[in-house]
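One chain, subunit A, links the two complexes that follow: it is found with subunit B in the first and with subunit C in the second.
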Partner chain A sequence: MIRFATGKIASSLVTVLGASIIAFIVMRVLPGSPVRLIVGALASQAEVNNTQRALGLDQSVPVQYWDYISNFVRGDWGFSYSVGEPVRSLLATRFPASLELGCCAFLFAFGGAIVLAILSLTSAWVERFVRSFAFLGLGTPVFWLALILLVVFSQSLHLLPGPEGRLSLNVQPPPKITGFYTIDSLVTGRFGTLWNAIEHLILPALCLAFAPFSFLVRLLRSNLLDVTREPFMAVARSKGVSRSLVILRHGLPNAFLPTLTASALVFAELLAGSVLVETVFDWPGVGALVVQSLENKDYVVMQTFILLSAIVYVTVNLIVDLLYGAIDPRIRLARGTPP
Partner chain B sequence: MSHLVSNSESPLLQVRSLKTEFSTPSGTVHAVRGVDLDVRGGERVGIVGESGSGKTALALSILGLIDPPGRVVSGSICLKGRELWPFDERRLNEVRGKEIALVFQDPMTALDPIQTIGRQIGEALRSHSSMSRRKARQSAIGLMQEVGISSAARRVDNYPHQYSGGMRQRVMIAVALANQPDLIIADEPTTALDVTSQAQILDLLTQICRDRGTAIVLITHNLGIVAGFCDYVFVMYAGRIVEHSPVRELFAHPVHPYTEALLRSVPRSVAEGESLYSIPGSPPDLARLGRGCPFAPRCDRGRNEPRCANEDPATFEAMSTYGPVMAECNFAEERFALVAQQGPGHPS
Partner chain C sequence: MSSLDAMDMTRGITTDTAVAPLASDESVPSGRHWLWRLARYPALTGGLVIFIVLGLLAAFGPLVWKGDTSSVNLLSSLLPPSLAHPMGTDEFGRDVLARFLIGARISLLVGLAVSGFGALIGGAIGVVAGGLDGWRQGVIMRMMDAVLAFPPLILAMSVTVALGVGIVTGSIGVLVGSVPWYARVVRSEVVRLRNTPFVEASKALGASRRRIYLHHIVPGVLPTLVIQAAAAFGYSILALAALGFVGLGAQIPTPEWGAMISDGLQYTLTGQWWIDVFPGLGLLLAATSANLIADGLRNMLDPRGVYARV
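== the complex of A and B ==
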């Protein structure tokens, strides 16, 4: 297992390194000079040169790359001129907001997919419902869904808050520990804030979850169907184990394996934030920030964001690979075990 | 009606007129078409037939393991005097593994690939008693030793992919033995194995039957295995039992032309240039069976007989030297009489 894990970690590091190189090159190949944006169109050549020197842009490309990487590792992620704030503090508030929403959406998508996939095995009626619901999910534009949900649950039924970000205006954010309002308010015992944060999470998370849910439930359902045809399921039933227990004990874990990779991709995608959902719900996440900095050629924000996303993506995949090994002995024990 | 009529002992398992159907897009497949089957305690019974004759469907039907689109339509399944059909899942879960255990055909796919061997044997134990996981693991080791898995204490925590086919089938037998059932139904337990493993598994089953008094129903298409293993044989064709008789009688004097043809098609040494016998034609489509004997189109005797083609064959019952015989064939009486003239033990 240790050998399996170190191998996976090493290959993850290589992937992140590759992403950093791409992020670095792309931001320099894009047309338009960030320096001109900072100093303005009327600034003198000397001013331009000074700023260029200050940003280290007069150095050779390898040196610039080294600066970028070493600064990133040290935690010095540069200063965003378009926002007027250090990138690190900018992302420190924005990233957790997107992460919290993404995690919540993933829980909805994944949990919902598991429950409905199992239920769809029980009756043809549920199966038909799940199938059409999933089709709907694959074809519904997320911003439209967001508006519908807002009209129904917020405006008409007054069950959930409207598009006002992570908390109601009169609620103070909890002291920052993880940046997740739910966890922070729970840890500090502010249950009123916790409930408020949860209320604000539900609609955007549902919106974000719908498409990935549809994808996962179809995948899981078909995998589960395949597994129920496996002889070992009949064997387990011939031992006197009830049908539902056989599905939980043997069906789900085996159906889960091929779904795991897809789930990881879905999860990583959700974590990177969604421009549309964040815009509709006024969610202060990275999605909006990225669009804004791209428009402003704020390459410092962009290259940090790309690298961070790569790290999140790779970490999630790494966890999945390790989970795979933990669940499936054939992978874990692929080498070095006597027959 | 059964070979038990003459025997006062009531059978362990008594199946009557069992019918199992599968609804498919191309029509209803009548996989089991009114089967009678008797198994006494400690008896070794063989069910022989070609692929697709309904042997596996019969085995699964007895345990209520036929899943939709298939279902047991009618009949009676009586286990130790208690009726199982119409099925009650709760009652079936008590029977499965505890009173009747199944050994499946392909040991490569019969084990959950992501659970240890010990847990899967333990599962059989734990589903019929409130045994702790630890205790179940210990019992699993004992069972593994009993079925001849060496260094069981070490191998109990292995996964199926670390076992060979023969070893996996031993595991399956350990699973079947876990709750000391009265009956083990082994569905082609050796088909997926090499010849050496086949012999070992059959020896193991023989030993279990002898030492524990467990009745065994061996489903196979291999007549060699039947000859060496069974006391009594049921021959299945197109979803029906077409002949049943004691094993020695069956091999010496097959009454049904299908049984005779099966025996003739067992490969044996032939002279150079002589070809091996095979039954002409192929088994009927179980979705489009009409009236008449299903074997008639392939039968040397009945091919041109109008009554074979148009009427259900007559049931013939008689007492032979070794025990009662039944055959569903219009010529059975005539053929049996011929045999009686030749005297016992004379090959037909």
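== the complex of A and C ==
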């Protein structure tokens, strides 16, 4: 296990290093002049030179890269000119909102996938419906889905709130313990706030969850079908275990394991989707921050965001790989895996 | 082929669309057109039909329905769908149907370009990497892994920002994110093919490396590449629309579907639903038909294969 783990960790570090080089190339080397982006098109040449020297952009490329990396590792992630705050504190403020939305979407995606995958085993009609529904999910633009849901549920039916963000305008946020409005209001007994927060979470989380859900339900369905054909299922049935118990106790755990590796991909979907969904719902998260700063031509946030998302994605992949190796001995003992 | 492979082929295949026996000539009686083979794959046929309809709309639509897509006519702004404007008008009085048709052109062309070039570049990298051995292959695949470390949309956004916003740079951004998928899938195919008996036999017969590649490896890789390209096609349409939605892809006044949705955002929520619903439906139809075609092709050509998610 140790050997497996060190191998995985080492290759993750190499990947992160490569990703940092790519992030550096994309954000620093490619643009014609990043300085121009900061000082604007009307600034004088002297201003450009000064800013260039101040930002260290007149150094050679390897030195710039070293500065970029050492700054990043130290936590100096730059200053956002459009918002007027250091990027690091800005991200820290907005992160809990995105995390809460992401967790909720993750629960919806996985929960929905499990329920519908099991249901699709019951009848052919249900199976066909689930399959078509999931297929649509792969082709639906998530920002458009957000709009449709808003128009239907908020405007026409008045069931759920519109794109107001995390809480209605007249509701105070609960005292900050975890940063999650749901948990914080539950823990401090503010049930009105809790309900309000949940109401605001439902639509954006559903939108965010739709694409991962579609992917997961297909995967789970196909795994469940594979597992139900295994001999041990027939043995359990012949011993008298009821059909539902057999699926729940024997089928589902075995079918679930490959979806663990899929959860890393789900995470990437959630990251990317949050950029779009948060914009539509006016959700004060990291994704909306990225879009806003892009509109203001403030690229410092983007620089940090891509490297950060790459690091987090690689870390999630690493954790999932290690977990999978820990659970399934065949994975960690496989020799000569291709590079 | 070994007996294990034969067993694999006859085992049940758990793909999602209707499973059909591997396409072989015996399924089409001699004398019948090969198109009849499509009848066994209803999903694929459906996808193709939708796609062809969209393609025709994109190609000939703007020639048939001549609406003004750029000039402002505030007297007829925000009109609901009617006979004169089947998809209504937007806030500047522009006919939504005319913009929709041009948006179809943009989306389909970009999708084709991105998946085509991606397949070409990624496939080439994959073939080269698969042909190398040892550390050289490792280096190339590590570079691909580094690109894969970024969530694709985020990478596309940053490349677009870096190169200057627009449709072309947006397409390049999406392309960069999709190349590693092709490279991975093609590389493993090449490695598999290199170890097959017929390649071994060719080598034993003295075939040059070039001949082996041109005659055996590359044709063997093509079905995989085509399927991956079809899957990526749907994804790249949605990705470019997402870029347009956040303002990084197509710029005003280009009627790209994603940008149209973003423009109409405020109006949709106050009742003028037609500005956003139609472009979104267009995206949904385009991406879903591409996915149907990809799934159908996969069932037809290579049901056993392992494909990257994009």
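By our rule, the second predicted complex is superposed on the first by the 278 of 339 C-alpha atoms of A that agree within 3 Å, B and C clash if a C-alpha of one lies under 4 Å from a C-alpha of the other, contacts with A are read in each partner's own complex, and residues count from 1 in each chain.
Simple rule for what comes next: a residue touches a chain if its C-beta (ideal position, glycine included) is under 8 Å from a C-beta of that chain, and two chains touch if they have at least 3 such contacts.
On a predicted model such as this, the values are computed, not experimentally measured, just so you know.
Look at subunit A after the overlay: subunit B and subunit C fit there side by side. Contacts of A:R243 after superposition: subunit B is touched, whereas subunit C is not reached. In the superposition on chain A, A:W144 makes contact with subunit C only, while subunit B stays out of contact range. In the superposition on chain A, contact is made by A:G18 with subunit C only, not with subunit B.
Considering which of subunit B and subunit C touches more of subunit A, the answer is C.
When the two structures are aligned on the shared chain, A:V48 is found in touch with neither subunit B nor subunit C. In the superposition on chain A, no contact is made by A:L121 with either subunit B or subunit C.
Judged by the touch definition given at the top, the superposed model places A:V83 against neither subunit B nor subunit C.
Of the two partner chains placed around the shared chain by superposition, neither subunit B nor subunit C is touched by A:I69. Contacts of A:L322 after superposition on the shared chain: neither subunit B nor subunit C is touched.
Overlay on chain A (Cα): least separation between subunit B and subunit C is 12 Å. Taken together, the two complexes place residues 339 of subunit A in contact with subunit B and also with subunit C.
Looking at the complex, you find that subunit A touches subunit C at residues 11, 14-19, 21-23, 26-27, 30-32, 131, 135-136, 138-144, 147-148, 150-151, 155, 162-163, 215, 218, 221-222, 225-226, 229, 265, 268-269, 271-272, 275-276, 279-280, 290-291, 294-295, 299, 302, 305-306, 309-310, 313-314, 338-339.
Only residues 230-232, 234-243, 249-250, 253-254, 257, 327-330, 333, 337, 339 of subunit A touch subunit B when the two sit together in their complex. Interface residues of subunit C facing subunit A in the complex, by the touch rule stated above, are 12, 14-16, 137-138, 141-143, 145-147, 149-155, 157-159, 161-164, 188, 191, 234, 238, 241-242, 245-248, 258, 261-262, 265, 268-269, 271, 273, 276-277, 279-280, 283-284, 286-288, 290-292, 309. Partner subunit A is touched in their complex by these residues of subunit B: 60, 63, 65, 89, 93-98, 101-102, 104-106, 109-116, 123-124, 127-128, 159, 161-162, 164, 172, 175, 178-179.
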